[in-house]
Every structure is written in structure tokens, then in C-alpha cells.
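Each of the next two complexes has chain A plus one other chain: chain B in the first, chain C in the second.
Up next, the complex of A and B:
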């Protein structure tokens, strides 16, 4: 008994931040419970419907999966190529535009000029919403678009590697990081040049788009369900690839120890190529899914999203693929549930505050020290 | 007569067959009962069946030259160890054979083919395995995955070879699914050796295998190396633990300041007063 108490005191003394976070977390939890119960005592409590809380959690989970999916590629390039890739966010945008171009082409072929469809643009009477891309009305187009987003973005990532990163392979991480900022600018403004800079709506609104799950008492948007299924499927595929295939094992080996990989005879360039295909492809797919969730697209949305993706990856322990997924979920849930306490304009700030707090307690990140595996 | 002069002239006052040592006898097996002491600069026991042959090798890192005019032979199935003081370039010899240094001159022949300047992934294919001194396992991979990576260049996983390695190191079979990073130092060393043996190399390069091992594990480690050698794999080993290494090996080289100073059968070097005084601490 005495030893437990003294060790608790020691812990608090060694890490006062822990106490602070525990007290803060406890207060928020009490407040949340009071709100859900409809009790109001002074500043604590208030009114919060269980439905709203549940929908906050759910949409946090959905957006968290998208961020986590995008984070996988960032973590992979960090652990295997040893640099923080600032062009990752624009790969997310690339996937969104190219993927939706293909989805529109399939959904609206014949009704609207191909050029308009491919460039995901309003043209005369046909606004993107009129093309009617929706998982319930044009499921084939949406799925083919997802595949296209993956494939085209993987190709773009590979092209960027050959053009910029490969000649710099032996340079230090900071030099390559700065090169990646340049690559990010190139991609972003090429996207603006090709697709224009206006924000526009993408998905059609369809009646009865909400699927109600009676027993659970929740109604889920069909697009949200699509996102969850697609993101989980891609994550599982990636997990299988990393753990069960020879190439995936080689990727983990190279993330573990590049010098040893070299003298073991693992072909470094083939592993790097695979890293870009998988990391870039998943970034593209996540961008496509993000637009499916938000319903709108803009040429620089990936760049703006990159901050949250970085937060997720750092929170999870940079370099860890599973950490990126976990970090994405935490960031996503904080992002949406923070609106219970603060205006939604500040929910990004809340996500970063949680990241900083977590790092104070666990500087190596959630999955830190556990390399890619 | 000072030690330096002894080394330079190649005259060894303790060695009775001094005259013969100037003309090495190619038929003399390295572990012969009465080996002849030879010194660098004059002669080597040149075996015609040497699988590895370094001649006048200069090598280093970038602009920094570490090795100069190194000659070194390893015969088929021979167990050769390189000893010498810290900073003598022992590990550099090993890395040079494996293509990890900047080649600056001379030739490295393996099984009659010149391999200097080849990248490591090609040298593996020639039949050389390398166990680095530190960081020689993939910590996040399981024991089995570490072994599988050793055979990456093959199209399929050689199950029989994995079994052979498990038979050689039974503890690894038990730990097959455990992450290599969680193993003890001795077990990691086994994983590292197993990985390097996956392609059944003709020559195994070992860089200070006893480094970082608890003292009571060191002799087990040397026993394992003996057994690998007995199964026909030639070994070129660099060791800090010079006495034990020389006792075990067929032949030793003493490397000083990037040049080889002596070579002879291990026990002869051990008995040699100059070698003892200069490098083995008396």
C-alpha cells in the first residue's frame, strides 16, 4: 500500500504533465457525462443529446480513417526513404482530382463533354452535381474512380521520385525534405492550372441516402459507409502485404536497417519503387475518399489536410504504419468531438493540442520505437 | 634488435627454419605440424586453391585511405582470422572484400574472378556471406523473416536451408516467430550468422563475432564458428579477442596500420614472441 502510494507520488513528481493531463481529461470526462445526463452544475454540464455525441464519434471515426489512410504513405516514405515528404498532401489532391475525373467520365459519358468530365468542372448547364455521381446511383463509377485515384497517384508519386528524389538518394533528410516542398508546389499549381482554382461540389445529393441500422439506432450516410469499407479494405490489404509477402517483409527490413538490407541483398530500388506505389496510391485513394465525404473539391485541399495528416503520423509515432492509422483515428475523433466544447472553427486547434499533450507524455508517439511493423 | 627491425627484415630469431621462410613452400598446409613463420613483405602461404585472394589492395572511405598493399589469401574451407590493434583496419579488410569501401588499387579475386568494385548484392551472388559487427539483425522482423531475407535473391524461400540453420541453432527454431529485436545478444548473433548462411556461401565473413557478448558466451560462439567451418565453409574473421581467435583458426594475419605484418598458422603466431609482445599483451 505504502509503496504504491510513494510510487504514485514519484511518478507525479517526475512527470507533472501527466497529472495535468489526467486532471484535465478527468474534468472533460465528468463534463461530458454531465452533459449527456442533462445535469448542469455551474460551468459543468449542460445539454448534449446522446445522438449528437454518437454522430460526433462516428464522423470522427470516418474522417480519422481517411486521415490514417493518407498517413500510411507518409509514414512509409519516412521510414524507408528517411525524409518527411511535404508533397504528400498534394498527392492526396492529385488522387482526388484524377479519381473523380474518371468517376465523372463513367457516370456522365455521353451527356456531358469528356473534357468537362475529366477536368471535374462546371460547364454551362452541367454542374458536377448534375452528373449524379453517388454511390447509390452510380456505384460502378465511384469504385472505378477509387481505383483510378490509386493508380494515377502511384504513377505521379513514382514520377516525382524518378525526377527529384532518386538523384538525391544519398543526400540527408533535410535536403530531400526541402526538395519535396518544391515538388509539392509544382504538383499543386499544376493541379490549379489543369483543374482551376474554384471550389466546387462533387457528389450528387440523393434522396434516402441515409441507411438506417435499426438495432444500433444509428443512421449512416451511404458515402460514409463506402469510405469506411474502402479505407478498412485498403488498410487490411496493406497489412497483408507488409506482413505476408516477401516484398512487404523487405520493406519492413529496409525500414529497420538500411545498411543491413544492402548487404543482405535486398534490392533497395525495388523496395523504394514499391514504397512509392503503395504510399502514393493510398494517398490518392484517401484524397478521393475525402472528397466523397466532404462533397466538395479544391486544388489545395490536400495541402491543407497535410497538417492533420502529419499530426496523425507524429502522434502515432512517425515511421510506424499502424501508428499512422491509430493517430488518424485519434485526430479524427478529437476533431469532431471537440465541437462539444468549442466552436467548430477551432477543432483543428484541438486536434493539435491533443497531439502535443500526447507527445509530452509519450515523446516517441503511440507506436514509437516499433518500426514499420 | 628492436621489434621494428625484426618486423621489417622478416628475420625471426626464435624461428629455427628462418632460411626457408623466404621461399614459401606452396605445399605446406597451413595447419602443418611444423609451420614456417613468414613476415609481410617477403612471403605468404600462397595456396593455389585460394578462393579469396587480395593482392596489393588499397582501400578506404571517401578520400581516406585505410589499407595499403594488403595481400591476403583464404583457401577453400580454410579458417583465417585477422587480428591486430585497434584502428589497424581489420574491419576495413572485411568490408573491402564485400564491396563496402572505396576501392583504390589492387585486386580482390574470388574463385578466380575479380570482384573489386562490385556492389554487395552481386558479391552475395558470388557466394560470400557477411555478418557485420553490430546491428546485424532486423529487429522488427521475426527470426524466420530474418532468415528469409537472407535468401531474398532466390525466387522461393529455401525451406531446407532454413531447416538446416534451425538444426545448427536449435534455439532459433523455438524462437522462430519472435521478433529478433527481443532476443539476447548471443541469439541475435546466431540469427545474423543464420541469415548470412542462407545462400550456403563458400566464404563467410565475420566481423568481431564476440563483440558485445557476455564472456561466458564467447567460447560457445567460437564453437559454433568451428562447426560452420567444419561443414566446409571457409571463414575470414576479424577478432578483437586475438588469443582465442588465433587458437581456433587455421591461419592468422596480423594487421598493423593498414598493412599486414605477419601471417602464419594461428598457433605459431600465438607462440611468436614479437606477435605476443606487440599485439597480444605478452
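Up next, the complex of A and C:
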């Protein structure tokens, strides 16, 4: 399967599927340009306002950042512990519930009973408006909630590791994968048991929630801006941690070649602990931000998000942290812009289809098998 | 993987020991023994509510046990024999059920989507065939991917199938092109169960056939007083049991054939099988086709007999994990284990906990608090127990997860794992003249 940098003809001959996808992608691009220009030639083209396309693209980027953030943890556990963690989606939910519990506690303390706040509106009858959590009115609560989501989820991830994954460190990836399905069931349904099963609103609505940047002529929803800033900040922190710190170097070494890393005296268990703290924490933070974006919460939303996160991680090359971020952005954009061509029932299916195509045509991912962080 | 410890070395010291030893050696004995234990426990649980509820619970447990056993057997061919980690079972079942429904439903129904109006056997064949076809498509990634990638791809495929069946756009598209529909998110009603017509003329309650009259006279209103739907359910269980025996014989035959040995060789070491001149890719495609066809048929027999199907509650990935747990309980690679795993899963993990929870809830004399937080602040263990037993469903899943993790930790080969199908045609751990051949 090794593609050498020889002539184009050879490449095409060796990878007919790739050619097909390239042609299809080219056609879609031409069609998109024709639609934007408002030209219509046969089946190609049509009408699509630039505004709608831009808003699709923007919301795709925002969702993509959240998915990419969640993907970092999945990618880390895959590269360092060598298994696909099916409980990752439920860590995302864990972060959302615990983080919003804390955010509510700060935003609504005194006005609303504590059990209503900490149970994220499962008990009692306070409406989101009564609690009034919004980045413009209660920025402190939202920020502390984000930190709480990170910390609590990291603790939960670590506890799951100690209880379930540590006893089977030397087992094969599939066995640990099955154990992670068990862990996923445990976490998801404990969340349902504690927080209830109904979907409910979280964020309060505020007048003039769009921030207008006069000179640039754009207006951005305050929550979307928060998500972009928080996600980019966490990703940058991740980048510096991996590249500049001793821990980051150790993690990259573990991901690259476990045996070699062990011989050189890297404390494997400490690196694994750090992996769970960082990966779990980022998953929790992304879940918290996802709820900020959607405005609603439900006990199994992280599980439903998991396949999209997997799609992102696979797209970027499973095991690569930067690939996960890039893959998240691609999946997010596919998710929102695919509605230009297909009914919106299928946008999730389109993202999965992109993932499957990627695995078939280029299993090493966009970034060519960089399994080192 | 195989060892000779399971064979009793010393003579049993009691009659009961002899009986259990005999049962342990015979697959049928094991299955019937498991069933007997389940029946006894279920009878104890409902004994106070009369014969009707005992027989009703036994019927539910047997039905679920049989359909899980069927699905587990199909999955065992792919995972246990060949090592293909397919977690898209729910998707293939949905394909089978929906194809059957679309082929058999009347072209002009009173409500719900139209179908082609063909006879039921044609529909069952079409559903099984379509599941096999989709299985062949799914096999393409199986040829190239590692096990964990294959898991994600098959899960993605089953979600694509579910989302497609759920989509109203797809429903409209099908109606406009070939004149059949899926019903979108509302689902579709399934054709009448022919077993029902064995008991009732045209399936109408109150007009029994001569055979129905006979059965109802002995067990129903005329005799033991068991409700008629339960008796009809037992009739359908007879059909399922026959199909289960068919699945078992087919898979046992397949497993012992040269083809079966290639499957096990691929599971143990794909490169070796390849270098010995076996066409690994072709074999994998065949396994996917056969396994998915069996899954499709199991789906038809299961959900096709349940009145209405709709994509979202019924064909979520959770269904796949249920079947997986059934296979893991029994020990992947063992057909008898899959059957026992299906029976045990349905009784002890799926239906059992909610029945026990309901019974315990009935014993507690306390108001159920509206939420966990309310139960917690009451600081009253009885209130907390009332909340827990009222909300037994999530706890049941937690229990399921714990069992799964426990089995993977402690008994990764399942209850019958010590009898996992060996790749060799004869048991290599056995001396040539040291006793009978491993049947």
C-alpha cells in the first residue's frame, strides 16, 4: 500500500478509490462554487446565499472545535494505552453534568434550592431563566463550571482506570475495548440514575446575546465565542505541554514506542495517570462546552457524540493529537455543510460515511500515520 | 486454549455428582439444565401471583432467551470462530426486518407505509438476503482493517442504517421510486404472525381453529385458565426452538468442516492461514455474508413477531452490546456457550432485574421521591430504596456493565470458555491412544 512519490499515473492506478473520491470531491466543489455564484447548469448549481454558507461554515467550525477537543483525549488513550475507549463519550457527559451543576450553584445560589442547582434542574421546578446562567450575565459561574468539569471528569477517568483498566494493562486491545463498553454502560446509567433521563434546557436567554464587532462587520453569539476561545486555549495549553514539558516528551515517547520508552526509564504508570487526567479532563471540558453551544443536556448525549469523535480521531490519524483537532474541524464542517446537498436527516450519516471512506482509502489518516502525539 | 481439566478424572462421589457430570459433558444437558434453573427461579419469583403469571413470565423469558441465543450464535460465527469484531449487529437485524416488512406489507395499507404485498416466505427470504448483501458490503473494510477499526466501522455502518431508516426523506424517496416506504421515525407495523392463525381463524380473537379449540380447552379458559395470548406465544416459541436447533446444527457442521478450520486458523493467526494458501479475504467475505444473513433472519424472527418496529428505540447500538454480552457470557467460540449465554443474559441480566425490582418495590411502603436529589436529601434509606427500585432500569444497565467488566477481568473465556473450539481438527492436547476423540 506504500504510495511512493512517483508519477501521478502510478498513484491513480494503485489507488482507484482515491481517484473516485477526488473526482467526487472536485464535483462537489464545482457545484458549491456554482451554487454560490447562483449559476445553474443541468444538475449542477442552484441558489445558495453566501450568508447561509458562511453561517454553516462557522457553526461547523465551532462544533468541530468541541469535537476536536474531545478527540484529543480519545487519541491520547489510543496511542498510549493502545485501545479504542468506548467510555470516552460518557466522560464527555460526566463533565457536562458535573460542570453545569457547579456553574448553576454559583449562578443561582440563594434564589434556587441547592438540590435543584446541583442536580442540573432534575429536582425542583426552577426554569433556566430563574437560574440565569449565561456568559454575559454570570461569566464567573460559567468559567468555574468549566474548571469543575475538567477536574471532576479527570478524577472519574482516573478512578475508572484504577478500577477497570489497570488490572488489564497487559491484555490485548479488544479485551480492554470490551471492558470500556462495560465502563461506558456503568457511567452513562449512573448519570441517568442521579440526574434523571429527560432532556432539559440549561442556558438562560439574554437580550442582545450577539457580540457585534463594528469595524469587521460581523456579529458572533457570545456563547460561540466563549467556546472558540476556551477550546483554542485548551488546545494551545495541550500543545505546549506536549512540546515543552518533560511529561509531554515522555507521553510522546510512550506513544511512539512503548518498549523503548520503558527501557529508557520513563515511569510508565505516571505517564498513564497523566494521560487519563488530561484526556478525561479535556473530554469533560468539551462536554461542558457542547452543552453551552446547544443549550440543552441529556444523559446520553456524550454517547451519541462518541461516533463523531471517533470519526474525527480516525480522520486525523488515530493516535495523533493534532490530527484529532484537524479531524474534528473537518467532521464539524462536513456535519453542517452537508445539508447543502442532502436532507438534514443525513448529516450525521454523512460524517460517519466520511469516516468509513477514510478508513478504507487511507487508514493512517490525513497526517499519514503520525502516531506520535 | 483447550485443556483436559474439564473432563472428570475421578469417579463422582454421589448420584447428584454423576448427574451434573453427565450434564456437563452433554451440550443439550447443559442447555436444559440452565433452562431448568431459570424456570425454577422465575417460578419462585411469581409463585404467589398464580399460574397465569408464572406461565406468562416463563414465556417472556423463553422467548427472549431464544432470540438472544439465535443472535448470539450468528455473532459467534463472526467473532468466536473467525475473530471478526463486528459491532453492527443491530444494523443488520434492522435491514432484515425492514426488508421483510417492505416486501410483505400490503400495497395499500389502512395506515403506515405501503409494501409490495408478496407472501411472507418471500419476505423472510428477501430480508435474509438483503442482510447478507449488506454484510458483503461490510466485509470490504473487514479485509483491510485491524479489529478495533473494524469495530468502529461496523458501529458506524449500523448507525448509518438506523439514521437512514429513520429519515423521512428516505421514506419519501422510496415511496416515489419503488412504491414502498419505511415509515420514517414512526416505523412500520409488521405482518401478522402465521403462528397466530394456527390458533385463531384469520388471527381474530374469539374464533379459534379446531387446533386452537383443543389447546385452549386443555390449557386456556376451558382448563388451566392460562390467557390465550400466552398460549399462542408458547406456540411461537416452538417455532423459534426449531430454528435454534437449525442454527446450532448448521454452525456446528460449518465449524467442523474444512471451511470451519480455516475460520479458526484465521482467528489464531491470519498470516499463517494466508501463507498456507488459504484465500483469507474470500473466507472473511463468506463469513460476513453467512453471519449477517443469520443475524437478519434472527432479527425477523425477533422483531418481525412484535407488531410494530421503529428504528430508534429498537435498533440502537445497545442491542448489539446485549448480543455481545450474551456471547461473552457463554464464551466466544462455543456454540453451546452462545445458546446458554443467550438464555442466561435474557433471564438474569435483561428481564430478571426489572422483575425483581418491581417485586421489591411492591414490598416497600413509601412514596417515590421525584428525583435522586430529593431522595438523597430525605436522608431516609427506605425512601432511597424506593427511588432505586422504582428506577431499576438505569441500575440494571449499571449492573450489566459491572458484569461485563467482571467477566472480562476474571473469566475472559466465558462460562464454557474452557471448551472453546480449537483450531485443529483433533484435540492436540490429547494423547493418540489416551481415550476417546473429542467429539
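Definition applied: the second predicted complex is superposed on the first by the 349 of 373 C-alpha atoms of A that agree within 3 Å, B and C clash if a C-alpha of one lies under 4 Å from a C-alpha of the other, contacts with A are read in each partner's own complex, and residues count from 1 in each chain.
We take it that a residue touches a chain if its C-beta (ideal position, glycine included) is under 8 Å from a C-beta of that chain, and two chains touch if they have at least 3 such contacts.
Because the structure is a prediction, the values reported are computed rather than measured.
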| query | In the superposed model on chain A, is it clash or fit for chain B and chain C? | reply | fit
| field | Dominant toucher of chain A (residue count), chain B or chain C | value | C
| A:175 contacts which: chain B (first), chain C (second), both, neither? | second
| After superposition on the shared chain, which partner residues are touched by A:110: those of chain B (first), chain C (second), both, or neither? | neither
| Regarding the shared-chain residue A:193, is it in contact with chain B (first), chain C (second), both, or neither? | second
| said: Looking at A:360 after the superposition, I want to know if it touches chain B, chain C, both of them or none. Which is it: first, second, both, neither? | reply: second
| note | For apex chain A with the CA centres of chain B and chain C, the angle to the nearest 10 degrees sits at 90
| message | Touch test for A:43: chain B only (first), chain C only (second), both, or neither? | response | neither
| task | Kindly classify A:314 by the partners it touches after superposition: chain B alone (first), chain C alone (second), both, or neither? | result | second
| query | For A:263, is the partner it touches chain B (first), chain C (second), both, or none of the two (neither)? | reply | first
| remark: With chain A overlaid, the minimum CA to CA distance between chain B and chain C in angstrom is 16
| query | Can you list the residues on chain C that touch chain A in the complex? | reply | 85, 140-141, 144-145, 147-149, 151-153, 155-157, 159-160, 163-164, 166-170, 321, 324, 328, 370-374, 376-377, 388, 391, 394-398, 400-405, 408-409, 412
| Touching residues on chain A, where the partner in the complex is chain C | 83-84, 115-116, 118-119, 122-124, 164, 167-168, 171, 173-175, 177-179, 181-186, 188-190, 192-197, 307, 310-311, 314, 318, 343, 345-346, 348-349, 352-353, 355-356, 359-360, 363
| query | Can you list the residues on chain B that touch chain A in the complex? | reply | 98, 100, 120-121, 124-125, 130, 132, 135-141, 145, 148-150, 152-153, 157, 179, 195
| Contact set on chain A toward chain B in their complex | 246, 249-250, 252-253, 255-257, 259-267, 370-373
